[in-house]
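Listed below are the structures to be examined.
What follows is a pair of complexes built around subunit A, which joins subunit B in one and subunit C in the other.
Our next item is the complex of A and B:
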């Protein structure tokens, strides 16, 4: 007796997966291509509260620093203005407005140097950057946004990585932002590259930073890197920002990076896959802020645009464009999930009508 | 053609080769898969040597080569070879007679990891356990006890219900057929299902982000690479 042919599956349940991929590709690519011709079709990213917390913490550090150096600046400013106004270069400028602007720039630069030399605010932010090729899509924009913020506010920071593939990005990202904002290596940031030893290395660093790091990537001793002068242990670090797709590295910083008397604030930038793990740290206030995947980077860039000085470039539009593409794709995926479920329900109803049971 | 342009054009070909798997399993995909694994392994080995073994161990401690001016050499530095020799005992694991030597290294590793994990456990999970004790009626701070914070109260209630129900689901010391326990366990399972849905949603979001990064590379850098090539750059 010939076998009964298998019943034809309901059409909604038998769509070739490649058709779904094709729809997804079109949904993702169309906004990217359109954005090449017009910037009006991008969507403003949601202002994520967890990203705002990190932004506010960095702003607070900048305010603390400004408060610490204010008396010195107020005392030195008139003296420097009087001294620099007599310089030959400024006397040559005939336009009074331009002359005043040039004088202000020169005074600010000289004041920054004197403040640094006087070591009135001896602190450094540490950026643990585990940006790797496989997480670059989400973590590169996060690292860029945070570094931009630190450089905009001239908060000195040290960057390092606990994973070998991250070493190229510890150099490339700060160099790129420094070129845009005119910042100097050594004065505004230091790069300590790849640090081997994981938790043990962090534990040593917490107790004695110069003895553990020893030298930067250019083989300059820690004590001779200007922004690291006077930095002793974790007590001199107001904030550690750990940008990583690995949940374990954030745990290592939280658990082991502390001095005998103090533990710095921690913040995290993570991939969307690991965001559910990082939320536990945020809820229990073990971290003060969180960048959630590319959405976190896009929201952070919006905050940066609000504090941008007129002579500073706009933060990259990349994360915002990225989020627009992602939003379109998410809507499509929701639609496909709804259609798939509808297919299951309609197929069950059809079987029931034929009396074949549910 | 510059090395940079060549790198970008080759990178684009690699991306397309890997994504050809979406059509079906094929030889091009397998070639690029093996290429990727080989490159990643080689990159890791070279970086470990160039970023750690050579500059931070061999050069400063064992060899008096290319030393920085600030770094005086002393023969005591040579003693740093001892921890490495101790670590190399691990390779006796391949010897039937001398495998006990490898067990010493494993024992030291387990002991130090255990000690670190013990400290890490308390630092990491105690704050989270303490944070789970939340007021079920949240009041805003203020004179006379302050006013009721409805949103926070509901959030804390949901948190407490989820915590208790999920923990009940994982109590396997008694059967889950008693009134109250049965319903709490079932609710715990549903709440976990919702959490797994959120996990999956964030995983999809992460994968999309990586795909968009590659599409941005193809539509921007790769196209620009071709333009440079056509201009003879």
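Our next item is the complex of A and C:
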């Protein structure tokens, strides 16, 4: 008696993986292409509380700085206004409103210089940027968003990387945002490029930042970089933001970057696949905020748009567009999962009918 | 002799960093004339030099292993040759752009090699993940038991809660998603991390005391 042929798998249970890949490719690329022609396809990103926490921490740093320098500013402002109002450039402006606006801008600029020179708020935020070609899609927008926030609030920061392929981005991202916002290298940020030595390096840095970093990427000694003057150890760092897709780098910062008496707050930006690892640190309050993949960057840009000054450019629309693309892809995955489960149900019903017999 | 040198240096290195990390700088209360970590910078620098040397050893090893493959014409030799050429070109162009004075070489390295080739190859490799995840989700999330059903439900809520569509469907989606991440996923991950760290501690102690069966025990042979 010939053997009964094996039952043919139900087609909903065995869709070829290449078909799934093809559909996904179309789902991912179509919104990106369409968005080149119309802006109506974008969707407002979901507000992620973890991203909001990081945003709020940076805002808090800005407030602390403003409180520290307020007496000095209040004392110097009338003096500077009186002095700058007499300048030849302003006297040439005939429109009173424009004249006042120009005067305010000049006074703010001069005040910022004087506050910096007086070292009334001697702190620096550190940005550990392990943005690499592999993780560029998710981490570049995150780094850009955080740097934009720091530059918008004029909070000085030092950027560095613990991986060699990240060097180019430590230069490119701040340069791009600085061009848009008119910020100056040295005064508003410093770049220390690739730092070799991993956790040992961070441990040394925590105890003595200038002796460990020695010089920036332009070979300027740390002591001569304006925003680094007076910075000694981890006690002078209110916040470390570690943007990385690598396993272990965030842990190294948390474990090793501390001075004898204090440990700075930490925050993290990670790829979507490593969110679960980083969430453990968020829940234990070892990090104060978290950017979760491209969704984190998109949500952060929405927060930035809320505090944008009228003369400042909008944050990049890239993350928002990518989120729309990701939305379509997620919906497609949900549809495929539903199809697979429909297949399971139909196959079970078919087996039951066959078992019942004629 | 070689075996004992490795064992002694491993033990000393381990105990120094253990002491330097866990004990206060001044061990005797009130005395400030002796610090355990007085030479910490020098010792840490020495270890970093060892890191640098290990990079050099890695390069030599690549030439030995893949160079042998190319010279002998063994299976996969074109890949080995591509690896060696790629490494040499990136090294020379990178060093030249860093220390040389030619802007053309810098631009060639930055624009063509890094941004044009390495960047795109790296992004392409990582983006494959999206396709694998889609394929795996389709094959794995099948309701064949209560546990599988729960897992599928959780995965769907997390996926939808993270995208704008979830927020449009219901403001509760992101809330439920965050609850799942913080109250369900995180304890599991934390348990895994504890397990990994305990295993790492055990391995570290075994390596520190040279109890691991390896080259140290075999005297480098």
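Basically, the second predicted complex is superposed on the first by the 343 of 358 C-alpha atoms of A that agree within 3 Å, B and C clash if a C-alpha of one lies under 4 Å from a C-alpha of the other, contacts with A are read in each partner's own complex, and residues count from 1 in each chain.
We adopt the following convention: a residue touches a chain if its C-beta (ideal position, glycine included) is under 8 Å from a C-beta of that chain, and two chains touch if they have at least 3 such contacts.
Bear in mind the structure is a predicted one, so any value in this text is a computation, not a measurement.
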| item | value |
| --- | --- |
| Fit or clash - subunit C, subunit B, common subunit A | clash |
| Which superposed partner A:211 touches (first subunit B, second subunit C, both, neither) | second |
| Touching partner for A:33 - first (subunit B), second (subunit C), both, neither | first |
| First (subunit B), second (subunit C), both or neither touched by A:301 | neither |
| First, second, both or neither for A:221, with subunit B first and subunit C second | first |
| First, second, both or neither for A:336, with subunit B first and subunit C second | second |
| Touching partner for A:142 - first (subunit B), second (subunit C), both, neither | neither |
| Subunit B versus subunit C as contact partner of A:286, first or second or both or neither | first |
| Which of subunit B and subunit C A:268 touches, first, second, both or neither | neither |
| Subunit B versus subunit C as contact partner of A:15, first or second or both or neither | second |
| Shared subunit A surface residues [contacts with subunit B and with subunit C] | 21, 28, 134-137, 165, 196, 200, 203, 273, 275-276, 280, 283-284, 295, 326, 329-330, 333 |
| Residue ranges of subunit A touching subunit B (in the complex, touch as defined) | 18, 21, 28-29, 32-33, 36, 134-138, 164-165, 167, 193-194, 196, 199-200, 203, 215, 219, 221, 224, 251-252, 254-256, 271-273, 275-276, 280-281, 283-286, 293-295, 318, 321-322, 325-326, 329-330, 333 |
| Subunit A-facing residues of subunit B, complex | 22-23, 40, 43-44, 47-48, 51-52, 55-56, 68, 70-71, 112, 116, 119-120, 123-124, 127-128, 130-131, 195, 198-199, 202-206, 208-216, 219-220 |
| Of all residues in subunit A, those that touch subunit C in their complex | 15, 17, 20-21, 24-25, 28, 43-50, 132-137, 165, 168, 196-198, 200-201, 203-204, 207-208, 211, 260, 273, 275-277, 279-280, 282-284, 292, 295, 323-324, 326-327, 329-334, 336-337, 339-341, 344 |
| Subunit A contact footprint on subunit C (complex, rising order) | 21, 25, 40-41, 44, 47-48, 51-52, 110, 114-115, 118-123, 125-127, 129-131, 133-135, 137-139, 141-144, 152, 156, 159-168, 173-174, 178, 181-182, 185-186, 189-190, 193 |
